[in-house]
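What follows is a group of structures, each given as structure tokens.
You will see chain A twice below: alongside chain B first, and alongside chain C after that.
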Partner chain A sequence: MRITQGQFSFLPDLTDDQIRAQIEYALGNGWALSVEFTDDPHPRNTYWEMWGLPMFDLKDAGGILYEINGCRKAYPKHYIRVTAFDSTRGWETPRMSYIVNRPPEEPGFGLVRQEAEGRKIRYTVHSYATDRPVGERY
Partner chain B sequence: MPDEAKQCVTGNTDKRYQAGVIEYTKMGYWEPDYQPKDTDLICLFRITPQPGVPPEEAAAAVAGESSTATWTVVWTDRLTACETYRAKAYRVDPVPNTGPGTNTEQQYFAYITYELDLFEPGSIANLTASIIGNVFGFKAVKALRLEDMRIPVAYVKTFDGPPTGIVVERERLDKFGRPLLGATTKPKLGLSGRNYGRVVYEGLKGGLDFMKDDENINSQPFMHWRDRFLYCMEAVNRASAATGEVKGHYLNVTAATMEDIYQRAEFAKELGSVVVMIDLVIGYTAIQSMSKWARRNDVILHLHRAGHGTYTRHKNHGVSFRVISKWMRLAGVDHIHAGTIVGKLEGDPNTVQGIYNVLREPKNEVDLQRGIFFEQDWASLRKVMPVASGGIHAGQMHQLIHYLGEDVVLQFGGGTIGHPAGIQAGATANRVALEAMIQARNEGVDLWNEGPAVLEKAAKWCEPLRQALKLWKDITFNYESTDTPDFVPTETASA
Partner chain C sequence: MADDSHPQTTETASLGELYRGSGIAEVLAQLDAELVGLAPVKQRIRETAAFLIVDKARRAQNLTSGPPSLHMCFTGNPGTGKTTVATRMADILHRLGYIRKNHLVAVTRDDLVGQYIGHTAPKTKEVLKRAMGGVLFIDEAYYLYRPENERDYGQESIEILLQVMENNREDLVVILAGYKDRMDRFFKSNPGLASRIAHHIDFPDYSVQELLEIAELMVGKMDYRLDDGARAAMAEYVARRIRQPNFANARSIRNALDRARLRQANRLFGAAATGSQAPGRDELMTITAADILASRVFRQTSAADGEAAHAPLSDR
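Let's turn to the complex of A and B:
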């Protein structure tokens, strides 16, 4: 399976040049870029690990791409995403988010159903990757 | 201003309160020198007076009938601070391109102000009972339309507004930087719960963020509401597990009574739905009740504008949809159907953009070309996500993004379910077209001119998109709009 979170997961994986173009768009809007990685891409796992702080003062797309590649080198089989933060009043939230690295095999998720009263079912989306301990997942 | 009228507002009360019938202008409802206060609510009406009725009298009559007046003088006015409570017409302008030499009767824009204390805090029902309560059937005007409304910040702040809003909705769904994608389950009537959920699953797994009940799917002999909710949530959760994304289905909780609506909404919440849906026809009070419910329960509230075309479509009479949009932002909905421009339903580009701006901007500036007559400060009220739905397909993606921007839900019903290779393929075609277009836009591509080439390029590697473009490439709905702006930009000399 292929996890389709983020803005561009239905497209072929972005090349470095394409990633750079998106970084430039974010910088042009005055947004701060951040690199995050995880070994548990559950749809409600909000807080991926931060590859350093958001790069508020780095306005150079090449420098940001360098950080992305540093993260890829350290975590070649993790999910890595780039997020652009907008601090403008009324937004103060991410304005972009896209995946730039993913494991070669994506185990995906199972759906656990707990039958409850009145035909209700309580659903749990289970991340297969988390069946193994941290550090041994991919 | 006629001298007699001036006398009455300046305090010559002897004549003003003699029993009998006098003109509204002479009763204090016409005050051309009035300077609106920051706390006044201001309405702009389009008035077509009856033959022989001067525009000032027609405007004063509208002011009177939408505030304190009745048809005859009453002495009991004198027990109140009546000059405060009277709405005041203070300006009348002829509407461009109406009157002699045109195909339209002479119309006027009348500006009328209302004192803040005329309205109950936080009540759309009370606001509208005044402003559109009686006056639209009033004989002295042949036709009447409420075009725009300036809501003072002091009144805005008495409303909670959208329970979720664009920013929090995106955070909750973990979806940023692109329009959201949806589709309405079709056929809208007749599917059993089991078959209905199949359509939902296929659409979501194929790449849509939301599926949607239609406005008239409630609880009918072919499908009980509980069945629909249970099967839809199975579909939503299966699709979420299959894609790793948060997915949703707008479960329509519209019902005959408020008790039924609450019961259905509670069930949707218990099943873990991120969103519920209501129809505009349930009424303003029910909408506000559901807004408060959604706020209490962290559920996104989707509003389908069922019925609005009966009073918003034609320019000479009714209420413009931009005013309905303002009321719904106050009342507090998170999604509202607001036009597509390019689809099958009514929608002039400028008028629709004006409506989107009302829903999404923190503050609206005067923008006559888009039908915005007043500056409107929304005072940090959350933003409503507009929904573009009705007769749109993947081949129009560049036009949709060009006109509507990225904070919008694009709903492709037929354009997903009618795909020749199936619903998943239809959904994938739309999602690929969307992502390719956003990528291109961010790279600086001129979407208006280069959009079709972007789609063709993506279609080279994406077969579902290729099929969609081939099937629908020539489908457009080029009919003339009826609700169009009255002002066009004029060339200004730049010396």
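Let's turn to the complex of A and C:
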């Protein structure tokens, strides 16, 4: 099951040229970009691992693509996303976030029912990928 | 191309169009106007420009074309214009469409090499990423390699540099600069680096005539001018200064002019103190012979003019 998180996730995967254009857009707005990765696709997993530090002072998308490719090489089967952070007062938040790499096969999520007090049922989703330990998931 | 029916006309037409479209003519004209002398450097820039345009034309004709490696090494004595040309290079390559952004990142050893184990690689990569899309200018590159200390982190920095220069050729142009003899020694101990740099450009020393032209350009840029006496004095000054130790070509000229400006200000100030009329626009702009002749160079001593104490590095 294809994960839809962040921008463009209902579209076909972005090509490198499209990623470059998106990065250029973010740089044009003065946002700092960072590359993050994870192998836990749960939608509530907000904080992904950082691939290096956020990149400030960059003028060209080349540097960020260089890091994306470095991350892809190290984690070819992980989810990798690019986040553009806006540090302007009043925003101070990510303005863009999109997936640039995903595993070839995404097993998807199962519905988990938990019996709670009374005959109450609690529902949650569980990623099949996380049944295996970190690093062996994809 | 021989079997093409009229290859000659289409080829030349598109070349002309590309030439005009690139705006390179203005860049070259500006280069000629603002940089005195430096014939071999201009020649190489012209060749590069021509090659990039021809490459574009070849691509239009579906001939094999690849972005050439444009990493450069500028060698020359102090004050021969290495840094000035490097800053121009970003502009030129950008207009030619070789680099995506018109920006230059100038760094020295301190920006690339870290202080402890594991510090160098991220630091160098950071700089390289910042320079991507443009030009990375490494001034006094020979300091990267310190043979006397085998645990020096400079070597690590060079290795990363090499790797990125090779693998991300379309992302950035690296320009190394330094004094000739030290760069030669640097390349001898790093043969991998020497072979990855296709263009070794040597900056010649300026002749007296060229130095005078440079002086004129410099005073013009600062909104000053030399009167006839000052011009003669300047010629004499250059002829003497050039024989003295620590002569740093255009840089020495700039320093001499800066000192002349100081003396001119002092002269005007002294005149005002004795109650003469306030200087007009003309006087404020004019540097006279007296301002230049007061230089220590004219005092027949072997001591170098003022800057010797400040420029031990340019001593060679």
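The working rule: the second predicted complex is superposed on the first by the 132 of 138 C-alpha atoms of A that agree within 3 Å, B and C clash if a C-alpha of one lies under 4 Å from a C-alpha of the other, contacts with A are read in each partner's own complex, and residues count from 1 in each chain.
We take it that contacts are C-beta pairs under 8 Å (C-beta built on N, C-alpha and C of every residue); 3 or more make two chains touch, one makes a residue touch a chain.
These figures come from a predicted structure and were not determined experimentally.
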Exercise for the section: May I ask you to decide whether A:125 touches chain B, chain C, both, or neither, giving the answer as first, second, both or neither? Expected result: first
Practice task
Go through the superposed model and pick first if A:61 touches only chain B, second if only chain C, both, or neither.
Solution key: second
Exercise for the section: Go through the superposed model and pick first if A:50 touches only chain B, second if only chain C, both, or neither. Expected result: neither
Practice task
Return first, second, both or neither, reflecting whether A:74 touches chain B, chain C, both chains, or no partner chain.
Solution key: neither
Handout entry: Contacts of A:111 with chain B and chain C, given as first, second, both or neither
Key = first
Practice task
Give every residue of chain C touching chain A within the complex, in rising order.
Solution key: 100-101, 103, 122, 128-130, 132-134, 164, 168, 171-172
Handout entry: Residue ranges of chain A in contact with chain B within the complex
Key = 1, 3-5, 7-12, 18, 21-22, 25, 41-44, 46, 83-84, 89-98, 108-111, 119-123, 125-126
Exercise for the section: Please give the residue numbers of chain B that touch chain A in the complex, ascending. Expected result: 167, 170-171, 174, 176-178, 207, 226, 230, 233-234, 237-238, 240-246, 270-272, 362, 380, 383, 428, 431-432, 435-436, 438-439, 442-444, 458, 461
Practice task
Using the touch rule from the top, collect the residues of chain A that touch chain C in their complex.
Solution key: 52, 55, 57-64, 66-67
